[in-house]
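Naming follows writing order (A, B, C and D), and every chain is counted from residue 1.
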Amino acid sequence: MTDLLQLLIAGLATGAIYALAAIGFTLLWQTSQTINFAQGEFVMVPAFFALIAMKLGIPYVAALVVAILMSMLLLGAAFRYAVVGPLLNRGVLPLVISTIALGIILKESVKDIYSAEAQVFPTLLPDRNVTLLPGVTISLAQIGVLVVALITIGGLQWFLAGTRTGRQMQATAQNPTVARILGVPVERMILYTFLINAGLAAMASILVSPIYLAKFSNGETLGLIAFVAAIVGGFNQVRGAIAGGLLVGVLDNLAAAYVSTAYRQAIPLILLVLVILFRPQGLLGRKEERAV
Amino acid sequence: MTARLEVRDLSKAFGGVAAVQGVSFDVRDGEILGVIGPNGSGKSTLFNCILGQLLPSAGTVALDGSDVTGLRPSTLNRLGVSRTFQLLQVFPRLTVRENLILAGQEHRGSRLGRLFGARDAGLGPEADRMLEFFRLGALAHEQAGSLSYGQQKLLDAAMAFMSGSRLVLLDEPAGGVNPTMLAGLRDRLAEINRVGATFVVIEHNMEFVMSLCTRLIVLAEGRIIAEGSPAEVRTNAAVIEAYLGH
Amino acid sequence: MRTFLIALALLVVLALVPADLTGLGLPYPGLKRYGTYILTLWLVTAIAAMGVNLIVGYAGQETLAQAAFVGIGAYLTAIAGKHGVPFGISFAASGLLTFVIGIALGFPALRVQKHYLAFVTLAFSVLCWLVFRNETAITGGVMGLRDIERPILFGLKLRNAQTFYWFVLAITAVMTFVLWWIVQSPWGRAFTALRENPLRAESLGVDVRLYTLLAFALGCAYGGMAGSLYAPLVEFIDPSPFALGPSLLFMLMVVIGGSGTFAGPFVGAGVAVLLPEWLRAWETWYLLIYAALVMIMMALFPGGIVGLARVSVRKRQP
Amino acid sequence: MGLKWAFAGLAAAGLWAGTAAAQDIVIPNIIELSGGGATVGAMWKNGSSMAVEEINAAGGILGRKIKLEFVDTASDPGKARAAMQRALDDKPVAVFGPIYSGSVSATLKMTAEAEVPQIMGGEAGPLTAQGSKYIFRTSFGQNVSMPKIANYLRDGIKAKSVAVVFVNNDFGKGGRDAIVKELGARDIKVVADVSTEAGQADFAADVIKVKGANADAVFVYLNEEESARFLREAKKQGLNKPLIGETTLLGQKVIELAGDAANGVKGHVGLTVDAPVPAIQEFGRKYEAKYKSKPDHNGVKGYIAPYMIKAAAEKAGKLDGKAIAAALHGLTITPDKVPGILIEATWDESGEIDRISFLGEVKDGKQVITETLPKLKK
């Protein structure tokens, strides 16, 4: 029983990070039909922005801010205009290819320019453990991850539902053509989603790197899992991505403990296939009209 | 006269909005039935539900007496129903002749036979005949995308007849076609109708509809508000109200 | 007829590239063993890429599992070979098995929306990789399978690099012809139609779902058969070339060559196989350069290298 | 037109037959510069480059300069084979690498056939057991290190049961197979056998499994980052069994990455920069000054490879692959003659290396050597 609790907590903490990455995925998909295969690298890179900033003598907290801003500038705005912009009207495939290539570029750049080795990434919170129950321990870092991730997600939900800009973004996500007719500045809304995606990725990066170290290849697994989480939860719903992320995080841990460590990765993937077979819109997704 | 197509109580709603509500009508063998109505009255949705592009929320569609509700468009097409779309739909990177052959090939022989058999699925002569009939012969080997709008519209219509379908649903065949070509198109359609094809035509161009169709139904807000010969419909008070009321 | 003659000439040239012609009085020393190996690898990669092109370029779908299908063919051939099964049978079985798996994966995925095939293949790709890694008793696990025998043809051992190259070249020629035949047939027309406008194709009686499924399964079969040649070429297999990353690279190579064009996969495979050789001096930077090239290509010339060549030829002949 | 380009391409790629006369001795390094082994490959590359600079500055080998060529295997044995084929086409005096055992296993027959000595970094046991006369290790094989670990578990820890945590790649799987065999031979039970992935981030479930097994000791055989993540999770969950490792687990990189969590870890250490040998520590300082990062045992492996060739070639008196291989068999290289070898080492007939090694533990964030194990054969 305590084992199960321990696994659930660890799974939720990891899952919260997956959720941050998965939300960005669904946002980009909704507003611009972008399937971002570089999403994992988007989570890997900001940690290195912070490391570079610290090497230049910028103090830790300021370096984190720099990382988030750099991420929004390069992985948000520049990505929107230099990569996605020219391909937006050419269908999904060129964009898929381009983001695959972008992922390779980001990964190789970090490796060749910074280092191929894992880097220690400092944490905001002291490296201490809290014992919840006998046998159930959680580290402060994990609590931090959960709290920050939940605040970020809550803030995002509030922004989308409670502000004018947020509602305009949702209108854009649901139907850009109608949104444009209603006077929503669709172009700006699309840019906002890219900025939010980059911001969320940077948050995920800052949260994950102290625990799992910063390394150029971290994006491979993270990207794959965020992708799976987004599909499982529902590609067209932000709350679907959140649920998907948490679910995959927990499932991965339970599978490793109770099924097989060798096949732990397989369980979320099998879930993915089952979802596509029986509930293709995702667990919490909206059903879309049959066309053809 | 028997009914080729029977539509009964057909409804379609998108979310909470009802686009088509309880529409019933028959299409009789050999007629040219016009479907008119103001913009947004549900004409294209009706077509899409009949042809399996959309699943109707309620109601049935029967072809030659057998139920075909919800069958996929390709199945319906192989059962002998063709259509055109409101917006231009040809394959721009295929040649004009290839477009026509494609339109007929799925009705020829078995799928495996088509893989091993003739490259044109034996449709070459027929495609050439159709090209001549629609006065497109000179353009046979041009890419369809390089044709003028009117020519593409002709090709679009011609493709609907390559399968030898006896029931053809045309969604705004006259839209954007210049008056000279329009007369030609009307003559072609009338001629095909004489040799045995039944048509359902959605059209905004009243002159075209009145001179081509033998019978009309009028849709407004998803319901049939009038039905009858062109002359009857023209003087129907409800129709005038529906058109002018907007 | 002209196409046929050009193809024949190309085949003869390709057959002669690795050969030492000094015996015939020509100042051409042929290729070293490694050169021949790279050329053979190019052909094998091109076969798998042809399959991807069928799926991506003709049927307009995305596949993220081509490397996994290559892996299935490679493992099947390697394991069967260890039990004395002749190559011809393993080769056919590889094609058949991957075709059937393609149908089984594609059928549910194509029932729903457009990109779901990509998602299903993604899952399949990783699952295959896990099986290759963990079923040590069958696949050798992470240590791989060593000493895979090259096939024997009519009693003739194809151990030698050059004879094996000719063998692969012959198979590639046949498979290229088969694909050309399909693409030129009414099937090819249906593939083009369903990529350009599935809605209209469906209304003309083209069973879009079935044709897409067939294109996908055929594409998978090409992957499986490429794998069947890959195993005896490298004489060693392990899970790494069949992971998700290489599957993504297959997509890149088809698009950079020119998706939906017949020569595209050959050009794309050529770039993917030879680029690391050209950019040797840059060591690992070649991946970066390659990826940057792909991105620029996507933004400026989405038709790939073949599309670019066509445009420049058309410009020159007014 | 297209063909001309194609031929130009082939020529540019240097695939054509015909040999170019070279003044320098070119030694190809077929190593993991990208993919999963990129970290390891980078270390080797730096180490061997540094050694070659020193050798060239001192006049080269038998009066000729050495030039290293680096070829990426992308951590893929298939690509390693291709790269090896290319290298062997040029008939080199020797080849270095690969470092991943899977890639070595895929290439060792080729070097044997071509009669070219292959100085490699693989540690899997079977590599030297296949009768190749041309394969040479730069570090202990698992067939040597695992018996030492098993002895330590039996005699030092007095363990009756052990939980094994390994990374599922050629390195980890090879080690796991070897230790399980050795433990079996000593009547020590393996009560948990936990496979983990390279690049795995979350070790919560793995630690729970290990805890649940309630073994007397835990043998941790993972790569650097994963070792660190495992140690952090073990500390968090209060896993209070002896954590035993082999070289990596006690290495500087793991200590740096794991922080406090590494304290108390014990085990066997092959050759690392932390060894209590002045020459090795001096090497560490030179490396760090040059490359701005701390070397690990892969850096050491890469560093001694050129010195092995130098010593063997000078013994054979000629720069010839066959002669060098023959000279290396049974050769003992001592640091007083060849300082670059760092520590006295002997190669036997199968290419296995023999030298002293250490037992150690991590105390206050530092590796402390508690015992020096002598060479196996005097």
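Everything below uses one rule, namely that contacts are C-beta pairs under 8 Å (C-beta built on N, C-alpha and C of every residue); 3 or more make two chains touch, one makes a residue touch a chain.
If you're wondering where the values come from, they're calculated on a predicted model, not measured in any experiment.
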item	value
Smallest count of steps, each to a touching chain, taking subunit C to subunit D	1
Selected pair, greater C-beta contact count between A-C and B-C	A-C
Chain nearest the overall Cα centroid	C
Taking each chain's C-alpha mean as its centre, the one farthest from subunit C	B
Distance from subunit C to subunit B - Cα centre to Cα centre, in angstrom	42
Subunit A-subunit C separation of Cα centroids, rounded to whole Å	33
Whole-Å gap between the CA centroids of subunit A and subunit D	36
Whole-Å gap separating subunit B and subunit D, where each centre is the average of the chain's CA atoms	73
Set of subunit D residues in contact with two or more other chains	34, 36, 38, 168, 195
In subunit C, residues with contacts to at least two other chains	133-134, 199, 202, 208-209, 284, 287
Shared interface positions of subunit A, touching two or more other chains	108, 111, 220, 262, 265, 291-292
Touch list for subunit C against partner subunit A, complex	56, 60, 62, 108-109, 111-116, 118-120, 122-124, 126-127, 130, 133-134, 198-199, 202, 208-209, 244-245, 248, 251-252, 255, 259, 284-285, 287-288, 290-292, 294-295, 298-299, 302
Of all residues in subunit C, those that touch subunit D in their complex	13, 17, 20, 29-35, 37-39, 41, 133-134, 136, 141-144, 146-147, 230, 234-238, 240-241, 270, 274, 276-278, 280, 283-284, 287, 309
Residues of subunit A touching subunit C in the complex	35, 37, 83, 86-87, 90, 92-94, 96-98, 100-102, 104-105, 108-109, 111-112, 220, 224, 227-228, 231, 262-263, 265-266, 269-270, 272-273, 276-277, 280, 288, 291-292
Partner subunit A, residues of subunit D touching it in the complex	34, 36, 38-39, 41-42, 168, 194-197, 199-202, 204-206, 208-209, 212, 224-225, 228-229, 232, 235-238, 253, 256-257, 259-260, 293
For the subunit C and subunit B complex, residues of the former touching the latter	182, 184-187, 189-190, 192-193, 196-197, 199-210
